[in-house]
Amino acid sequence: MVTPAAPPDLAVRVGTVSLKNPVLSASGTFGYGLEFAPFYDISRLGAVIVKGLSLLPSPGNAPQRIVETAAGMLNAIGLQNIGVERFVAEVAPRLEEAGAVFVANIYGRTVDEYEAVARRLSDLPALAAIELNASCPNVKEGGILFGSSPHGLSGLTRRVRAATAKPLWVKLSPNVADIGSMARSAEDAGADAVSLINTIVGMAVDHKTRRPRLANVTGGLSGPAIKPVALRMVWEACRAVKIPVIGIGGIQTAEDALEFLLVGAAAVQVGTANFRNPNACVEIIDGIRDFLVREKISRLEEYRGGLLS
Amino acid sequence: MVTPAAPPDLAVRVGTVSLKNPVLSASGTFGYGLEFAPFYDISRLGAVIVKGLSLLPSPGNAPQRIVETAAGMLNAIGLQNIGVERFVAEVAPRLEEAGAVFVANIYGRTVDEYEAVARRLSDLPALAAIELNASCPNVKEGGILFGSSPHGLSGLTRRVRAATAKPLWVKLSPNVADIGSMARSAEDAGADAVSLINTIVGMAVDHKTRRPRLANVTGGLSGPAIKPVALRMVWEACRAVKIPVIGIGGIQTAEDALEFLLVGAAAVQVGTANFRNPNACVEIIDGIRDFLVREKISRLEEYRGGLLS
Amino acid sequence: MPSKRPRFVGGKILRNTGHGIFYRMEVAVPDRVEFVPGQFAMVSGWPGNDPLLPRPLAIFRAGGARGTGTVEFVYKVVGRGTALLSGLHEGDPLSITLPLGHGFELGAADRAWWLVGGGVGFSTVFPAGAALSEGRGDFEMFLGARTRDQLPPREWIPGGNLPGRVHLCTDDGTAGYFGPVGDAVRERLDGLKASERGRLTILACGPREMLRGISESALARDVPMQVSLENHMACGFGVCWGCVTAVREGEKSAYRRVCKEGPVFDAREIVW
Amino acid sequence: MPSKRPRFVGGKILRNTGHGIFYRMEVAVPDRVEFVPGQFAMVSGWPGNDPLLPRPLAIFRAGGARGTGTVEFVYKVVGRGTALLSGLHEGDPLSITLPLGHGFELGAADRAWWLVGGGVGFSTVFPAGAALSEGRGDFEMFLGARTRDQLPPREWIPGGNLPGRVHLCTDDGTAGYFGPVGDAVRERLDGLKASERGRLTILACGPREMLRGISESALARDVPMQVSLENHMACGFGVCWGCVTAVREGEKSAYRRVCKEGPVFDAREIVW
């Protein structure tokens, strides 16, 4: 008689945060999380990371905000959001009710604003972590100033670190020469984890009308097109720091997610893939489980970081 | 009676170099040029830019050297080449014979080597320009050291500038935080033009075998996937410098080429597109001409740099 | 159970045939589809990641029973995605998220309705016509196209066999009214008595310029109007904030999502 | 004029049908195709840029006349590109660069030939068999597969109807020789007289491990052998240097392009 094998253990830890699986929704591609309730039970995710929050509600950029590119897309949403107060009052309770582990992605135009948002969120007992968006390319003040030099990044991180007791994840910009040193700055300044990559700055124009396709002229490139760049940067960051690295960029399938885990990511975030397939995140979770079963690996931790050379 | 309109004038100037049209083949994707003779008359191109040349022949990296990615590919050829002596002796005369305008792309492990290659090529009367590859991500010494900081780049450019009287084009790496300041360094150090982008560093792994797909682990990403990033960087470089900017990255069609010309590029280079369609370059030339005819534009120069906002 | 909650389903093409410049595609889906006229679907049906994003298409018709549904789309080839769709064969798979967005509000039965479709915009208003037909609502159709061949086939038009119900308009005068459909609407509006105008609601879908023009005519005459807008979309279900359009909000304006708060908006709200 | 210079042509699919695990595709091209057995084509036939690169496929057969050529490929679905090819229909367009690479050297007519194909590798050696058949060359076939169903259809095999000419081998013993085709070749080699070995040349295509094994057996017995290698390719015509394999060059080794100096190499040269 063959006893059925126990299902593989997908649990991961991102610093002090324990997650039932390594699949998180990427900020800005998952609304406030509740929009996915018609499709599946969002408590199935490792965590839900909500749309970037600012101190005050923000109207965002003028349309056109998105353009499709080869195997990718550019966006220049400009961080349209309801502001931290409405999030705390209206959204957080419903996420808690839904049983979701959730993380707030934050940004500010100034360091003071970052601090204020972080402080306001610290009161939420159910919030698992704060992800500091030090890298939005689409608002002039959206952190790119802080996110493109090790010095700016460590200053920002230190201040926000001091403002909250919540685990602090710092989201890195790929628009830098050396991602490893950026990751180290965040680590040195007290980040509990780094997540990367945010979008790569890109542009699209219409050769007939002779105009930029985005009202904002430039936007952030995401999707499968950027996966090779993201994977390389995640691998470099994993070698540069001791804190956990969360891998993001072009993940569409379980195989993609496994690649990031293989090079050392503690967890992954799924962004643009949610648009074409609202079930992408749960299909990825199921696919990782199936892979571990097929390969007879009982714990994801045995696989993670196991790149051979 | 309608007199047929004169065919539009596609001629462009890259500094002192006059080209019959703006379409050049990108280094490393066009062999030594002669390989394309079965497909078309290579004298039809604005210019042929040959595979990167080093002082001595170079064996290149171990296979696997290429991997396909979403709408792109990674390569880690490692600059396998026949060396500058054989190029001068065997290839250059045949390119001249074929009537091709040709440019040599060069790299060295040290500044001395760069200088020596440039000097050796300066004797070739038919050589139109030297393109300094300050940015190959696939050989440790291939310029990435010089190409990732404004300081390194200007030092290298200055030295090579002094070593040759040929027009000097400096090819920039996209793996930097601020492409504008890199372009300015090259300009200040005496470059006659900058060309960009080279490939973006990326990586691919096999989640089953748990190994990198490239023997070199990382490689350079090219193809349509990078076009939005390339276009943005070319646009930024055009605003940063007065010298001509040559646009490269993901150009597959006449429309793509027109986009780069629209944001201000003096000319474009076509790389990866040659692989899927050996006739890509001439189809792009024809496509640009057809567009100008349709839009009743008599000279490409009237269109170039005409981005509206 | 049939449900109006959006779902992501795998479909299989039953028919995909050309009719003049339009294609009509019928797709088998796992369950009955219920929808409000004006709602749409996000459709993708090609392997690989280029094109990457699904395409929004109005739900033209839908039905079926428990465990076996069908949905129909009508589309025009304008670019890569629609060209790929047009090349699909019977039996090919399709991924569909539906039903999406806020549709037309058909409200009280005693009203009169004008349904205006410009170009392929008819595909969004015909389902409203079909619903009104069922309820024996009092409606007329205004359909605009560049030329005769670009009008929808007569048999697709709800009430298309009833005299006086359908007003065709062509820019080149090859069929019906000679001129833009907006002009036809405005002229007819001016011919109405105040009491007739009081009962009237206009529903419209088509090029933004057409909608703006008609909405000016309608609002100036106090005729309520609902417009179905288009915009580039990444998700189609409200999570990317990519598809916004500016709407009036008191004194100010704000960006609302075409895919969620729209595609159908009260014409008074729109900042054109 | 028919030419062996490589060309980039637009083709139109005439037939694309499954035969067990293999597909055979016939394509109409603008002109007669002449090729050397072992030469290949770079094929792409999908819209969009994902997959990006064309796929190398051996030219299985080709012909035609001035202004109307045909070319045939035999392939197995192993990944995205071949899956896309298998879904193409009659009339669909295909982009092809051909003929490419250095093929088999069939040389003197008085030699005996063994043609060895492992897996779908038969598609590369069959054209050599067909050429030898025409010249009434003295050849035998060794074909290896995992199991019976994965052998090529009998009617595709050059000389397949001649007794004693074809040696089938299966890993699971369901047809012919029970074991790897390399073992069968080695055993037969050992059974040959020195004079027979002296006349023999082996041509082989298949998995690298198989080729390495057979080449050891052959070279140890002084039997010349030509191997057709595979590697990932971007261009297929010698300009990207992506497809190299290590070959001996005097005391040292160097990287040669599989698409240009190969795919067919003298087995003595290869650094396995």
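Here the chain labels run A, B, C and D in written order, and each chain numbers its own residues starting at 1.
The rule is short, and it goes like this: a residue touches a chain if its C-beta (ideal position, glycine included) is under 8 Å from a C-beta of that chain, and two chains touch if they have at least 3 such contacts.
Here the structure is a predicted model, which is why all the values come from computation and not from measurement.
The minimal number of chain-to-chain contact steps leading from chain B to chain C is 1. Note on chain placement: the centre of chain A and the centre of chain C lie 36 Å apart, centres being C-alpha means. Chain centres here are Cα averages; for chain A and chain D they lie 47 Å apart.
Counting partner chains per residue, chain B shows two or more touched chains at residues 69-72, 223-225.
Residues of chain D found to touch two or more other chains are 48-51. Chain contact topology: the protein chains form a complete graph, every chain touching every other one. Chain B meets chain D in the complex at residues 28-31, 35-36, 38-39, 51, 59-60, 62-73, 75, 77, 80, 223-225, 252, 272, 274-279. The part of chain C that touches chain B in the complex is made up of residues 48-50. Residues 69-72, 74, 148-149, 175-178, 200-205, 207, 209-212, 217-218, 221, 223-229, 231-232, 235, 250, 255, 258-259, 262-263, 291, 295, 306-309 of chain A are the ones touching chain B in the complex. By the touch criterion stated above, chain B contacts chain C in their complex at residues 70-71, 224. Chain D makes touch with chain C in their complex at residues 46-51, 80, 83-84, 89.
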